[in-house]
């Protein structure tokens, strides 16, 4: 495609108008500014239940139309992309309908309320391009971590440690949000936070074979978990631990991991997302120490598309970069990751976590045989 | 104004298509998304010398028209705002012409090539709303620093320390850029970096009365300064030092300051722009220590407009927030800061720096009497 | 006691001449220099198996005599204090013999090879002053943490996280050390590292009621564990995790914990032992952030005995401060902590950890009823 | 010398009983414990004016005798080493007398009250082994910095930045100390703090050719400077700045420097003295970042003499390591650094600083021609 050739335009419909709706809207606008995308995007319809806020949001974020009927939107011939940014309860029905209608489907995480649901979604989406918004894979520092792992710079991995620490679960002002409602959210910290970190672990350290978990709800009367902790054995022989909580007073959004391998260590923390720490055990002994890499280029993933080295980016850019990669894969007819199949793997881990916590026992994680999802009826 | 009332639209023309052109274009789009602005903005014309890149940039960033004739653009009746994002050489002619044409004028820093030029610009702009893009005032952490100073949390200030450390001046690949050309840039690290830090010092610590400076060019044959250092006495009785350099290998964009007062200390570093360190000497002795404030709300300047607490923002947001404040001031018919008059104060400091370095002597800084700029001829 | 009154002298015999032997020797000398101790100490006998190295060590560290027969040493009438700094295997026989001989007994951690052994030691030591060298309680920052907990500054605790990360287990040069020998050491990271962190958890967060653990040996053919991880439920309703490993490449001696409560957070890391991080959720919202407390006084535990504020201390000072407190308690005829009874509690946790890891199941921790140790035969 | 051969014993007399008296006493004891010194040391006499405190200090720190007559002590035949730890005023008379008496002379910094005095001291000490207690050269991280400089790992140096920030000058409780008395101290922050940092600069970056300084006294009625700042040009073409202050509220003992060269950057801070940051610009681009080197071995200067890797040391160890090197040089009949000649260089800089601040002008620093000190009369 040359610069003069007009690009194909994809018409997007987004279902949802909350925090994620804003983050996605922003990405749909910004991706074509910062990246050389093979497609133009048109923000065609925003769909939600509250009509008043919907109008305001459409105006603010440049959506051409509004709708309160997602089924009608999914049925529209002029829509190419359905983006699901609703509470978790609606992910499956909308995504499955959209996939059946042949749409490109983008869906927020956690993909589903259960493994069964996730598998039906993955099966439905088998033949359409799809994405799950595990956006933290595209933090430049995380992508760099993946590159260092792939370059063999960690050697054999011994330890993987992950925490996702937030504190708003203890805030009485947040009492009524849907994320505390079991019917809508399915779970608490597990679906909201732990799934992010499990996805990163799968990316960076591979399959988890077995785990032992505990779940805790601190707030009286709350329907969902406030915190989850687990121990894990990975297929690569390393061992690890995970924690996700909304009761870590003092931490706002500390999604952090560290990995120790025979040749080095990696450390990352989302509250400081422009940095990656890398201890290189192959450095001369007297200058060994964590390299504090300011991941703003040159030579770093994604960030050369934004600003010059040293000019940091933020949370929102992870959505933009995810979308850019998705559009590239789409144009090249390649499979994008993380997709629905990847999210099924996360969902299996979630199910194992919940089972382990309930039974107070170690649980082996069921492997997902590729292509073996049950057919959606 | 109610939500239903259509907002007045301001038509914007931007002269320039480089790094700053991108940053401003982004801000013109994003400000209405993240802020409840009293105006809508229309990206009407982008103006530059290289037609080919101009077309590409217009397309990418949504400018409706292009032009290679800034004088024609300034003369257009339908343009409300002229944004000057050119090399420094052109700031004065364009801004003065725009001001004379009654336009709202936004101008990149450093405002001018000399105090004389700056004063003529300020005089010309006396009757039009104007802004200088000293964007770092609107880093949320910097705005918070200002708030803490205003709350008296530092007490009497003893020390102000500022460094702005970059390293690209030593990079042979960057050889030909206009920023190394004296005719276009006027100066090197002084205009590019030191002016930012002087503006912040004026904001946070008030007037500088005298200074002793040194200037250094490391690169053979380079026309402009690579580094500048100075000692200063402030009107409030504190003493300070400043350094700006493009030869601080190891630092990408370390615009940092720290302030010690009788009641506390502040520390900031642009490479970690979502944090402010505050040592509160009024804390109980045994728990005194720098508070590592993650300035992402709640209760923090600007950031509540972007994402929830703990979701960090980046460099580009400083332009968006500056513009939002400017539009608010415009609607309220209030004077915005930093404006051309503020930039004249910076320019006087720059002149004092250059004189001091040339003479190897302490120099008293000329005070700018308000309203006493020479008339532009 | 006045300054002029001669102090009673305690004659010390130390069994052991390794790393801990050096650390204790240093403490025996330094405690009277830095603290106003109620006793003088005389380094009377050092006892060990390797006579050659023993002579050199005695000379270097000022021990008056050497011996290779610990039983003879324990039987000496002129010895007041027996300090056990041997490999773990010998802790019990020496400590029990010393206690039966009426000596003051100091013993390295882990106290014992089993709960049974630990209880017999505690029973034997019931009537003699005793100490276990869980020296990290006296890191000034840890003591400050305890003070903040006691002041109620954390509120209700939700989370306790602990890691003790070392990397020398992967170093082939360290192959033959006794710490890898099951007969002499009993365990690996568990006894060496985890016991330290369990002791701190008991100090700072109280009893652990149940736990689920995993143990891993990475080095082929190694007899002891290289790593241990566990999840825990505390009696105070909080939940937690622990990890201790000798395979955390990149970490030398990272004994770290963090605690989240309803009113604040604490963070500590032994590699930076002069600092404590305290997030005070009762600070005004806009200045909330981890206080980086440089725990070097004034108003901080122990450090006023060493150097002026800002002059940091090191690892060795934890032994000195422990000893100072012990001697004070001795003079006041008060029970010192941590003592053998405290170490029994740790040993019960260790046993639970090993059982849990073996069975792959959660284990309830047996409570130690005070005074209910089995009688030593 | 074999291990069995008895080592020669040096009899030490120390004049002074304050903070430095304690630090030196400690070093005299500890050096033979941690290092294989070629000499044994005997703490023979401590000399001071306040007899009561002197007795207590002698007892506590193991000095065999006390004296209130330093001249008598210097005259004693059985004394090999005179250590001067008095207020600055007495450095010259004692050190000169000791040197003339053929003693080994150790002297606290700042060496003297003037260049003239310093030169007379250096001349007097020409023929006796001598040391100045610029102890921070032997912080392991500083020694490592020197090694990296010598290995060429910084390339051509562009920038040297140094601050020494303390805050006790603002503490009313410290009002009467001799360090605020001009007659006894000579100067304030200059002699106490700046001399340390100038000595490190000379070590790490070589001669300073010219400088421009300012001096400030904040406390009303105080006789000495509270703060000093200066700009400098080094002989190697780099430029730098120095600041020393006792009014940096929020900082206890922040003696910090950073150096930028064509190939890397170094950063050090005494409040975190076990770490050195090294940015290696020769690392692959994508993993460039400050190496956070925990300077506790293996392969690091001095620290292998203390504890295993990861076990940090403190302030006091810098005196021990200095003394160890001095004794080694003594046995090898080599010149130790920093010695009186080195301190003369620092004193010349101090004089230039004071002159520059007084005149408000740049000052060229007089070079010390080796062996050209004026003869002491």
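Lettered A, B, C and D in written order, each chain numbered from 1.
Everything that follows uses one rule, which is that a contact is a pair of C-beta atoms (placed from the backbone, for glycine too) under 8 Å apart; a residue touches a chain by one contact, two chains touch by 3 or more.
In this text the structure is predicted, and so the values were computed from the model without any measurement.
Enquirer: Spelling it out: a chain qualifies if it touches subunit B and also touches subunit D; which chains qualify?
Expert: Common contact partners of subunit B and subunit D, which must touch each of the two, are A, C.
Enquirer: Quick check: more C-beta contact pairs at B-C or at A-C?
Expert: Of B-C and A-C, it is A-C that has more C-beta pairs in contact.
Enquirer: Compute the centre of every chain as the mean of its C-alpha atoms, then state which one is farthest from the centre of subunit A.
Expert: The most distant chain relative to subunit A turns out to be D.
Enquirer: Between subunit B and subunit C, what distance separates the C-alpha centroids? Give it in angstrom.
Expert: Roughly 55 Å separates the two chain centres.
Enquirer: Could you tell me the distance, in whole angstrom, between the mean C-alpha positions of subunit C and subunit D?
Expert: 36
Enquirer: From the C-alpha centre of subunit A to that of subunit C, how far is it in Å?
Expert: The answer is 43 Å.
Enquirer: Do you know which subunit B residues sit against two or more other chains?
Expert: 251, 290, 294
Enquirer: Which subunit D residues qualify as touching subunit C in the complex?
Expert: Subunit D residues touching subunit C: 3, 19, 23, 25-26, 29, 32-33, 56, 60-62, 166, 168, 251-254, 270-274, 294, 296, 306-317.
Enquirer: So in the complex, the part of subunit B that touches subunit C is made up of which residues?
Expert: Residue list for subunit B touching subunit C: 144, 147-148, 153, 275-278, 280, 283, 285-294, 298-300.
Enquirer: Residue numbers of subunit C touching subunit A in their complex, please.
Expert: 158-159, 161, 163, 165, 167, 170, 212-214, 216, 218, 227, 229-231, 233, 239, 241, 243, 245, 247-251, 260-265, 279, 281, 290, 360-362
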